[in-house]
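Here come two complexes built around subunit A, the first alongside subunit B, the second alongside subunit C.
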Partner chain A sequence: MVGLAGWGGAQGDPVTAAAAPRDAARRRMADRVMTGLTAASTLVALVPLASVLLYVVVQGAGALNWDFFTQLPKPVGESGGGLANAIVGSLTLIALASCVGVPIGILGGLYLAELGDGPLGWWIRFTTDVLNGVPSIVVGVFVYTLMVVPMKRFSALAGGVALGIIMIPLVMRTTEELVRLVPASLREASLALGIPWWITAMRVALRTAAVGILTGVMLAVARIGGETAPLLFTAFNNQYWQTRLDQPIASLTVQLYNYAIAPYDDWHRQAWAAALVLMAMTLTLNMTARLVGGRRTGARP
Partner chain B sequence: MLRSLNAGGRGGAFVPPAALVRRHRAWTDAAFRAALTAVALLVIVLVASMLVQLVIAAMPAIRRFGAAFLWTRRWDPVHDVFGAVTFAYGTVASSLLALLLAVPVSLGAAVYLAELAPPAVSTVLSFVIELLASIPSVILGLWGIFVMAPWLRRVVEPGLAAVFGWLPLFSGPAYGIGLLAGGMILAIMLLPIISSVSREVIRAVPQSQREAAYALGATRWEMIRRAVLPYGRTGLIGAVILGLGRALGETLAVTMVIGNRPQVSASLFQPAYTIAAALANEFSEASTDMYVSALIELATVLFVISLLVNAVARWLVWRVGAAPRGTL
Partner chain C sequence: MDLISTVRSRAFAGALERSGPVGEATPERIRAVELHAYFGRTHAVRGVSLGVQTNRITAIIGPSGCGKSTVLRCLNRMHELVPGARMEGRVLLDNEDIYAREVDPVMIRRRVGMVFQRATPFPTMSIYDNVAAGLRLNGVRDRRTLDEVVEHSLRQAALWDEVKDVLGRPGTSLSGGQQQRLCIARALAVQPEVLLMDEPASALDPASTLKIEGLARILRDHLTIVLVTHNMQQAARASDYTAFMLGGEVVEFGPTADLFTRPRDPRTEDYITGRFG
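Here is the complex of A and B:
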């Protein structure tokens, strides 16, 4: 990546002497105005973020209590209750999704990094990016036709598969990038010791990139943990505890959605509480992954 | 990079596992290669089967309504008459409105963060703006219902009506919930995407372009406008189209604030309905097979549009070689 240092100091105005003074003043003014405008757009971009964070924290903190984590949802009219089953449900769905998305994503990414330089690799890379762009609700419809219709019921399994499909491209592209960063000399050293290529790929290339891949998986988990659309008609929802994976299961996001669009104040409070829990989870995962993994913005190889 | 070097360079990591070497046969490599290829091919199979599966499930509706589905306005589950126009309109109108609001702000922010801000400010603010991208859609929707929509109803819409009320675009009662709210919530979701991709595109512009502009006596802004932005134009357009792709398929936040009434109205204050919102609301309650099939046909339409939009965007961004990590 091109460094930004180096030209910052060279911004003196070499033109002033040559051009008419009035023109130079006008151009300097344009420069300042545009600098101000772009800085202002950055501020404008930050306003909604600040507002969302503020409201979720303030409203959520007011509504959050111990019951939220330990109780089942109460029917309309009864106040109190919690979303314990939805929290466990969300964790279950994330675990199921990881069973689908992580192995396929990592092995697929390893393929792209190790063998993906030909035309087939190009097509797989392209399709992966396309899959990443498929609206998550369409993934939900697809899994509905694939699993819910044949099984004749909504199920945690279907929800997990839907989220897993969304995870695949995220994990795959991270894995590819990070395995590609492993220096060739490491691979060559391993091969020179007579270690077969496949063990080199798994134990040297993949293992060296493991920390980075883990942060990529965390980011993917943060993303699917906040997904609602693909769950609406796969995992559906549930007001009770559910331990069977072939039955509908509750999730924080779907429950939040249902509470938010319902006309009851008590449910709105629960929705804000759910939002706070969900956001704390998402932001923690994101910040940990980005800070620990060094995957800060712009920190490209 | 450094980390991986260190990890690999730690002494003693590569004692050759003698047993493995001895037992090694060429077929293990071949088998592993085949296995990896099979897993990777799964992605192509997945996307292809998505298309096939959706089209098959939509077949009853496709047979019944034919191409007329795309220009029929009526959406009448009771009489099993289905047309996509109102939803397609809502999807396109809300996405374009979102682009209109988000593009100037995100490009401005990208220019500021990539070229003008002090490095420390740039690092921190880029990180913070990207956090916005990680906020789940449903939380933005919640905020949209209880914070943004009332603000639109009380402040923005009466204000717009007072000044531009003579335009059909800004006429009618202020509901708060409606096309304007949908476009605005989408714009908020697009901001971090468009600005981070644009930032990467701008950073990928070669240093020589900047130096050349300075050498010709350009001010900093003239350098950006005459050298950096034209050079990165393809990638910037790609960033915007990538945002469009996201906007078209975004579901929850839009569903929660757009009003969900299948109609085509000239006014931005009126409720509308998008394809994704129709799926979210009606799919699990669809009572007849034809109803389900029509909804799946809507999903297929959305799928195909987003495939095309994404393919174009990626091609454009790839061409300038600035595909940023994580954001795509």
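Here is the complex of A and C:
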């Protein structure tokens, strides 16, 4: 303590020398309290996450078997069966959604980054942010009026469009941010070669940002993979295989929802298994996205 | 011995030795007439008129912010890409106004190539793809043509021997000096008539700088070069004609040897003798 006080240049000054140790003690106290508080908050945030993960794994792993991935749902009363159609259905819906969300999102983001400095760009950005904040069930109702009512049936297409609409703002803003990060010098170098601006935008700006955009797309897919509400009004559900896209289609999330609120133990177990599969899918996508995004420097050999 | 005569004698020796037959007039490739350039309200270039001769290196020197880079960027219509930038006056390329309404800036930039201060190889492309980029992105697909152009351009840029076995490696894996020569090769691949060099060596070490300057001397036989530099030794070493700019105006323009040995304007003399700038 004496050494510390001396360091502060307070040697020989009785007042400061006496105050310094108390100050230091108070600072250490404050430091410990704050460290404790932040650590506790992190813990509080982690506990529910960990318990959900753990509980789903414990409950789901028991119900998970080969049949789950290969069999159709069994009627009430018969045990066994699986959710093969829902797994394929979810993948189909994600693919359809990507067909809508990825091209519109990427091209829109490119527009915002390259030409979006005017008032039009401002409005697009504003609307995109609003769209991002719209509850997903509202998107479901919107697509219900837009597609389900005129077509007079629920369909995989409608479900894909609903999920795609949710994807658009996510992909768009990621693309815009990443294309903006591409140095202006690269764009100038390309333009100085006599390359038209739109080829420059597509082949230089977008290409340079591609890895980051891929990460953004994967995160967007992970996000829509877990959506249930917009599918209730659009893709509905289906207990059987469905190859036609204009027919209702099963999905893991809606099936999970239906099974979870049903009164049968067997269905509850299936719901847990579905939850586990969904979680694993999301986790895998997130991890892959992070891995891909981690090695930004990689160039084509 | 005073400073002025030292600088003069060194610059004089360099200029005389390297600048070739100065008196020999070649056709004029570019003429800028009463060029004014603005960034928003800033009047960066104030009435510059300048003739650039074919197969000669014309250097523009001057302190930072004197407008030399802006003049350069007006010569291939890169200036207008900066938001808020505009220009007045005329730039004639082979006696045609490149700012005429019917002229496509993309075509001008193909004829007037540019090398920047910082080497900017496309990070997603290999060495080969970088050089081929200008042709490929303009629609050339034939592999044999591309191979030939890539090799020829890399040879012209004195880089072929160093990279011929690693053409597939990323352009960004090269050293700084090599990257800059890669950018020169990339610019040469579209076979421009004029090459604008915007302080091409200011981020490089002395050895790489000399390489770039030597390269410019060789390239002079095939095309016309305008070189912007704030390094007057470089201008003295490498150029045939030199324009000295200050405050957005050309103070003095003439054969390099004359400008460095017999400056007509006291401001030029102050600058080249290192009294300011």
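To be clear about the criterion, the second predicted complex is superposed on the first by the 260 of 301 C-alpha atoms of A that agree within 3 Å, B and C clash if a C-alpha of one lies under 4 Å from a C-alpha of the other, contacts with A are read in each partner's own complex, and residues count from 1 in each chain.
Definition applied: contacts are C-beta pairs under 8 Å (C-beta built on N, C-alpha and C of every residue); 3 or more make two chains touch, one makes a residue touch a chain.
This is a predicted model, so every value here is computed, not measured.
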item	value
Touching partner for A:P196 - first (subunit B), second (subunit C), both, neither	both
Partner chain(s) touched by A:G133 [first = subunit B, second = subunit C, both, neither]	first
Partner chain in contact with A:P150 - subunit B first, subunit C second, else both or neither	neither
Partner chain(s) touched by A:P119 [first = subunit B, second = subunit C, both, neither]	neither
Partner chain in contact with A:E188 - subunit B first, subunit C second, else both or neither	second
First (subunit B), second (subunit C), both or neither touched by A:T208	both
In the superposition, subunit B vs subunit C on subunit A residues touched	B
Residues of subunit A at both interfaces, subunit B in one complex, subunit C in the other	183, 186, 189-190, 193-196, 199, 204, 207-208, 297, 300-301
Residues of subunit C that touch subunit A when the two form their complex	76, 78, 81, 83, 106-111, 113-114, 116, 118, 120, 122-126, 129, 133-134, 137-138, 168-173, 183, 186-187, 190
Residue ranges of subunit A in contact with subunit C within the complex	117, 183, 185-186, 188-196, 199-200, 203-204, 207-208, 210, 297, 299-301
Residues of subunit B touching subunit A in the complex	1, 3-5, 7-8, 14, 16-17, 20-21, 24, 28-29, 31-33, 35-37, 39-44, 46-47, 50, 53-54, 56-57, 104-109, 111-117, 119, 122-123, 125-132, 134-143, 145-147, 188, 191-192, 195-196, 199-200, 203-207, 210-211, 214, 217-222, 224-225, 242, 245-246, 248-252, 256, 276, 279-280, 283-284, 295-296, 299, 302-303, 306-307, 309-311, 313-314, 324-326, 328
